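You will see two complexes here that share subunit A, one where it goes with subunit B and one where it goes with subunit C.
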Partner chain A sequence: MAKKWVGTSIKRKEDASMLTGEATYVDDMQLPGMLHCAILRSDYAHANIKSIDVSEARKLPGVIDIITGEDVKEYPLAAAVEFAHFDLKSPVKQAYLLAVDRALYAGQPIAAVAAVDKYIAEDALDLIQVHYEPLTPVVSMEQALSEDAPLIYEEWGDNVQMQVPSKAGDVDAAFAEADRVIKVKIGEHRYCAFPLEGRAAIADYKPRTGKLHTWISSQASSAPRANFAKTLKIPEQNVSVTVPHVGGAFGTKLNWSVETIPCLLSKRTGRPVKYVENKIETFTIGPHARDYVFNGEVACKNDGTILGVKADVMFDLGIESSYRGTAIAKCVILLKTFLGQYKIKNYSFLSRAIVTNKAFQCSYRAFGKEQGSRFIERIMNIVARELGISPEEIRLKNYIQPEEFPYRTTSGALYDSGDYPGTLKRVLEMADIPSLRKEQARLEEEGRYLMGIGIASFVQPSGSAVPDGYLNGMEGATLKLLPEGGFILSTAHCTLGQGIETTLSQVVADEFTVTPEDVRVIIGDSDKAPYSSGGFASRGAAWVVGAAVTVSRKLKEKVLRFGAHVLKVEADEVELKDGKIQVKRDPAKSVSLHELATSVHFWPGAIGVLPDEFLYTDPSLDATAYWTAPNPPVSWAAPINLYCTHPNGAEVSTILIDKETGKITVPKRFVVYDCGTLINPDIVKHQYIGGALQGINGILNEELCYDENGQLTTTTYMDYLIPGSHEMLGETVFEHQETPSPFTPLGCKGMGEAGTFCSVSSVMNAVEDALGITITKTPLKPQTVLDYVKEAMEKGTLNRRREW
Partner chain B sequence: MKKTITMTVNGQIMKAEVEPRTLLIDCLRDQLGLSGAKVGCVVGKCGACTIILNGLTVKSCMMFAVQADGAEIMTIEGLAGDGELHPMQQAFTDKSAVQCGFCTSGMVLTATQLAKDHPNASEEEIKDAIGGHICRCTGYVAIVDAIKEGCKRMSEQQG
Partner chain C sequence: MRPAEFEYHESRTVEEALSFLQLRGDEGVKVLAGGLSLVPMMKLRLAQPAHLVDITKIPTLSYIEESGNGGLRIGALTTYAAVSGSELVQKRCPILAEVTGILGDPQIRNVGTIGGNISNADPASDIGPMALALDVEMGIAGPQGRRTVKAADFYVDLFTTALDAGELLVEIVIPPLPSQTGFSYTKLNQRRADMGIVNAFSSVTLDGDIVKDVKVTVGAVAATPVRALQTEKILKGNVLTDELIVEAANAAADGIKPETDVHATAEYRTEMVKVLVKRTLTQAVKRAR
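Moving on to the complex of A and B:
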């Protein structure tokens, strides 16, 4: 099929509505009689709740309802992920949408008010009296694992929610055979996305019919329908979830426990209830992300061949994460994805999820996959430096080669395609390392700045189907050819800023030889489309496009047969061209899609135009279809492939360290990225660049700081250093490569999370290049950087000879 | 005790009944139905609520509605002409500067104001001008490009 629109950077269809204020987000909606919800949060990180007195608050005019832990006991939260096949060491038996009897972190919702306006709802919170009995909080992983640590979930006997070992090959033999064993300790601090639009929900429960309609800012519409239904004990067929425009998500809007609070208030009051969290709630309630430490050992030969890796990984989850968030799945995903682009046959890993009295974790661009990638990419550079070989050479020595695809890693992942050496060589060529080295020497001579040059590469597992829970893969779409010749594609996927309405219309347009303007995409409504797992794990270009192509081809087959019947020829004698069905050998004989659709629907109508075999079975010009990736994961027990596509890329980042202030800037970056067949190259490029700032600023400036009492001290954009225009990265020289995936219908690979993988690895490697020492502490805020500069000066590593 | 205020919003005279503590952003969005300005952080840091008030860009979450009594206001809804985007809006879509759209209305209004005051703004001046806005999606690169282009188009249109 000729591609006309796929591969073209058409301007986004979404933009005009966003640029004019027409686009609707949850908080832009108002329903008649709507109440407003405000949430009282725990003052303590860990405390028994002895009593809650809401009597004064109830007397405030305008307050309609108040709920506390007592009112939610009959509504235990439905789990988001469960690991039936795994030894989930310590399952939490029940979790609730408000704290019941005990508060587990500062900021945990403990009571909620519904009032006639949001000001009165907030006033009412001040009148609620809570009698706390403070308990000792657990504020670090070290403390959590210590002998005398307070237990957050007493029934567990310790503070470990999950402990997953993973092994492949013969790691002991690999270490025995090694020329060198190099120890590596890396980690990251706690930080997260905090999108401009926080949590937002409107719940409208109709007591007479028992129907609940919710509008939420979310990455999925089908899964929360089941979640709300199960938690609130409403039959799922009576629950509707609509996701309008979403003001950023990045993985953080895949948990719905807080959104259930306005749902319950609506169920109790019989009135619509809106909850829009303020930014302090965005920070304190969570979700959070990262906050892990790797202690690893690498067995290698002197020539750089990696023989085996051992590692112990610990995640600081905050409170449990199987009901509120899905973070325990990260511990497993990391084990399946950390091998990156390398042929590492032997490894032994232990991944542990530790609970503390902090906000819960969920996903954040890219749900553990970026952690595995950063680990292996840092290892490559650290080991290369120890061995005195170049970071390029060590990668080329260990890469999977282009002719080896599809490639099954020892952890079970099945890589689709790519040219890893080619991608790396191209980015090095673009960067012109020798001239960068000259510039580095010149700046060192001058004295004020230290320049670093960092290379890194990555494979980006995307398009997940994670068994046991809402992250499972199921993706359907419905396509209709309307009487006047236009198309409507319906998907319950969500629009988070990825431009998916544009890209899907490009895909359908090509299938029917029409234009993207002929295709309207309806998105984010559980009522209007078949089941969709949602917008996470870079699923769009793999699964949603997969469903769009499959449904297009299903409808196309019908359209061609109808058209052939009208043209009085056989179906194999016609083809689609320029929006017409035409006879191949006589193109003058044709019927346009518009004419065909009109004749089927109206003049003369299906009875007059369709042959009996369609008239009495399926006279419609609609189709519904699902797409499932090949090589799906079957069970957690075996080595499994969780992601159907594996884009890859390589980067060179240059950084400058100001020796006087400790500030790090990133003046220039070079990126080569391959996500298979491109649908809209500009959309890919700009999502990548945006993701890179998220990644890099996260590692440099952002930090969620808890004090010794378990109080979060960074609770607004004022004290949490979200990147502004002055943190903008310097120039990015960006180049696409296209190695189609054999596993998706158009060869596309999911890309949304790509920007956060390699950006961090290449910048960290650049900092180490500048200083000549290994960085173990993040974020790299100025004071930390100054400490590292001092360390490097003392060790004399600043002016060492660089090997590449 | 509610007060009646009168404002000229996007060229139309509008009245609203507000509590003294009602924020201007809430009055515009909830009472006047102009939801293009967004509630982002309510501490004046993110710029999503930006409007133009008496010729100046203002964060409408940092003002009480009563303080805007008698003011002339333009919100994002008032920027585009009939059926056509304003040159700054057009530059934003042409330069791929929109992703989730939540910061967009504020960014565009600040950018049009910059273009009027400094039609030849340098990259540094553009970064300074949008220093009070947060975008979590784009990394600002496309936005800065779009503002450069928008400034150029606006001055061409006037010249």
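Moving on to the complex of A and C:
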């Protein structure tokens, strides 16, 4: 089939409505009689709730309902992930919509008010009297693991929600054989995505019919339907979830415990209830992300060959992360993905999920995969520096080679395709490293700035199917050819700004030789389409496109047979061209899709047109189909492949450090990225660049800071520095490569998370290149960097990079 | 983050605004200009004024004109964008155009007002150090009539000014700038639109290689913008050398006791005062020549 639209950078269909304000977000919606919900949050990080007095608040005119822990005891949260295989400890008794008897973090929802307007709802919060008995909070992983640490969940006996050991090969032998064993400590601070639109929900429960319709800002529509139904004890067939436009998500909108609060209020009051979280809630309620540390050792030969890796990884997941969020899955995902592009045969890992009195975690753009990637990419540079070889040489020495695909890694991942050495060599060529080195020397001479050149590369596991929970793989679509010749593709997948309505219509347009304008994509409604796992883990280009292609081909087969029947030839004698079914040997004999669809529906109608074998079985011009990856995860016990596609890429980042202030700027970056067959190259490029901005700003400017009492001190956008338009990186020189995946119908690989992988590694490697020392503390705020500059000057390491 | 209940008063003239300012509730009365600082404070319920006096519809508060002696008079309600884009300001007081042109981002500059900035008296304000160094005068209207207060007396404490209850800042008076003088402002921030972790302003008047006059001010390191008097003393009347600039800049940190917050520690701020003062002095000298 000739590709016309796939591979073309058409403009995004979504943009006009978003840019002009026509797009509808949850907060834009008003329902008749709608109430507004406000949430009272815990003042303490850890405290017994002795009593809650809502009597004064109830007296406030306009207050319709108030719920507290007492009212939610019959609604324990449904689990998001259940890892029986890994001995996951579940906090069933403590996971409710609102704190029951004990507050576990500062900001935890304690009570909720439904009132006739949002001002009264908030006024009522001031009138609720909570009597707390403060308890000692656990505010760090070290404290959580100490002997005398308070236990957040008494029955566990410790503060570890899950620990997963993982081994491959013969690590002891690898370490015994090594020329060098190099210790590394690599971690990141706590930060997350904070999209401009925070959590937003409208719940409309109809007491007579028992139906609950919700409109939520979410990354999935099917999973929350099950979640609301289970938690609120409403039959799932009576629950509908509609996801209108979403103002950013980045992984943070895959948890629905807070959204269940307005649902319960609606169920109790029989009126629609809207909850739109305020920005303080965005920060304090959570989810959060990152906040992990690797303590590792690398066994290597003097020539740079990596023989083995050992590491102890700890994640600070806050109060728990299998009910309120899904982050517990990171601890396992990391183990399956950290090997990156390298042939490392021996490793021993211990991955531990630690609980503390902080907000829960969920996913955030790359969900553990980026952590593994940063670990291995930082290791490569640190080891190279220790051995006195270049960062490119150590990579080229350890890469999986192009002829080895599909490649099964020691951890079980199955890599589809790529040319890792080719990608790296190309980006080095684009960056012209020798001239960058000259510029570096010139600037150093000049004195004000230290320049760093950071090299990193990555494989990006994408399109996940993680067993035992909401992150599973299930993706279907329905396609309809309408009487007037247009198409509607329906999927319950959700769009968070990736441009999937555009790309899906490009895909369907090519299958039917029509234009993207002929295809409308309906997205984000649990009632209007087959089951979809949702928009996460860069699933779109693999799973959703897979479903769109499969359903297109299913419908196309039918359409061709109908067309052949009309043209009075056999089905194998016709083909689709320019929106027409034509006889191959006599193209003048044709029927357009429009003509065919009209004749089936109206003139003369199906009875007059269709062959009997269809008329009495399937006279429709509709089809529904599912797509499942051909390399699915089978069992946690066996080597398991969680991601069906594996894009790869390489970057060179240049950074400047102001020597006197420590402020870092990122003037120029070079990127080569390969996500297989490109549907819309510009969408890929711009999503990559946006992701890189998010990644780099996260490592430079963003931090969720808790004080010693477990209070979050960064609760506004003045303290928590998300990137603005000024922070758009300097120049990015970007080049696509296209190595199709053998595992997806069009060869596409999911790419949405790509930008946050390598951007952080290459920038951190660049800082280390500038300074010649290993960076362990993040974020790289000016003050932190200035301390490193002083350390490097004291140690005399600034020129170290010139050794090779 | 929904404001508590308040009564809203729209005024069309200064007199009308002043009459509204006489109102007294439990939590007093606040003036709404650009609203960039006040509205978030109200949403956080850190400010809960019983009365809000909107002055944005007073047409006579937004202007830029020459004063008789070669200085400028700027209406308190004039936006940053109007100030930075004004040819008159660019000609008479280019440093003011520069500072109001880099402050925040375009949306902030289109909404924020110079008078709002000065009356809010945020210690990290971009305008404060310049107002202090240029000896700007604040024109104040009140029930007793008009009075003027110099910047040095206007900034009293954290978010506190010499404005008495019932008074309104109506005009900013920039005195004529001395000749042979260079000005420089810089701030250190993580994102370009943010206020500074530290900021600094220098004005240097040269007579050949001799520093005839000098004003150095720093912001975000104390409750109000502060003069670096010791720095000025070291430089004034002396022949300029790079070493002298460094010595003078280092002296700017003497006696400064900044706060520690999520962005930086007091120690770092103190150290950055030296760096930024050195940089502004160096640039001001270059511009003076």
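Observations on the structure shown:
We take it that the second predicted complex is superposed on the first by the 795 of 804 C-alpha atoms of A that agree within 3 Å, B and C clash if a C-alpha of one lies under 4 Å from a C-alpha of the other, contacts with A are read in each partner's own complex, and residues count from 1 in each chain.
As a working rule, contacts are C-beta pairs under 8 Å (C-beta built on N, C-alpha and C of every residue); 3 or more make two chains touch, one makes a residue touch a chain.
Predicted model, so just to flag it, every value in this text is computed and none were measured.
Of the two partner chains placed by the overlay, only subunit B lies in contact with A:D28; subunit C stays clear of it. By the touch criterion stated above, A:G724 is placed in contact with subunit B and with subunit C alike. By the touch criterion defined above, A:K279 lies against subunit B and subunit C together after alignment on the C-alpha atoms of chain A.
In the superposition on chain A, A:L700 contacts subunit C only, with no contact to subunit B. In the superposition on chain A, A:Y119 contacts both subunit B and subunit C. In the superposed three-chain model, the partner touching more residues of subunit A is B, compared with the other of subunit B and subunit C.
When the two structures are aligned on the shared chain, A:K663 is found in touch with subunit C, with no touch to subunit B. Contacts of A:T714 after superposition on the shared chain: subunit C is touched, whereas subunit B is not. By the touch criterion defined above, A:P782 lies against subunit C but remains apart from subunit B after alignment on the C-alpha atoms of chain A. Residue overlap on subunit A between its contacts with subunit B in one complex and with subunit C in the other: 118-119, 278-279, 716, 718, 723-726.
Those residues of subunit A that touch subunit C in the complex are listed here as 38, 118-119, 121-123, 278-280, 660-661, 663, 700-701, 703, 705, 713-714, 716, 718-719, 721, 723-727, 781-783, 786. Against subunit A, in their complex, subunit B makes its touches with residues 19, 21-22, 26, 29-30, 34-43, 45-46, 48, 75-77, 79-80, 85, 89, 92-94, 96, 98-105, 108, 126-128, 130-131, 133-144.
Of all the residues in subunit A, the ones that touch subunit B in their complex are 9, 11-12, 14-25, 27-28, 30, 118-119, 193-197, 245-250, 276, 278-279, 496-499, 682-683, 685-687, 689-694, 716-718, 722-726, 728-729, 732.
Residues of subunit C touching subunit A in their complex: 1-5, 40, 43-44, 105, 188, 190-194, 197, 262-265, 268, 271-272, 275.
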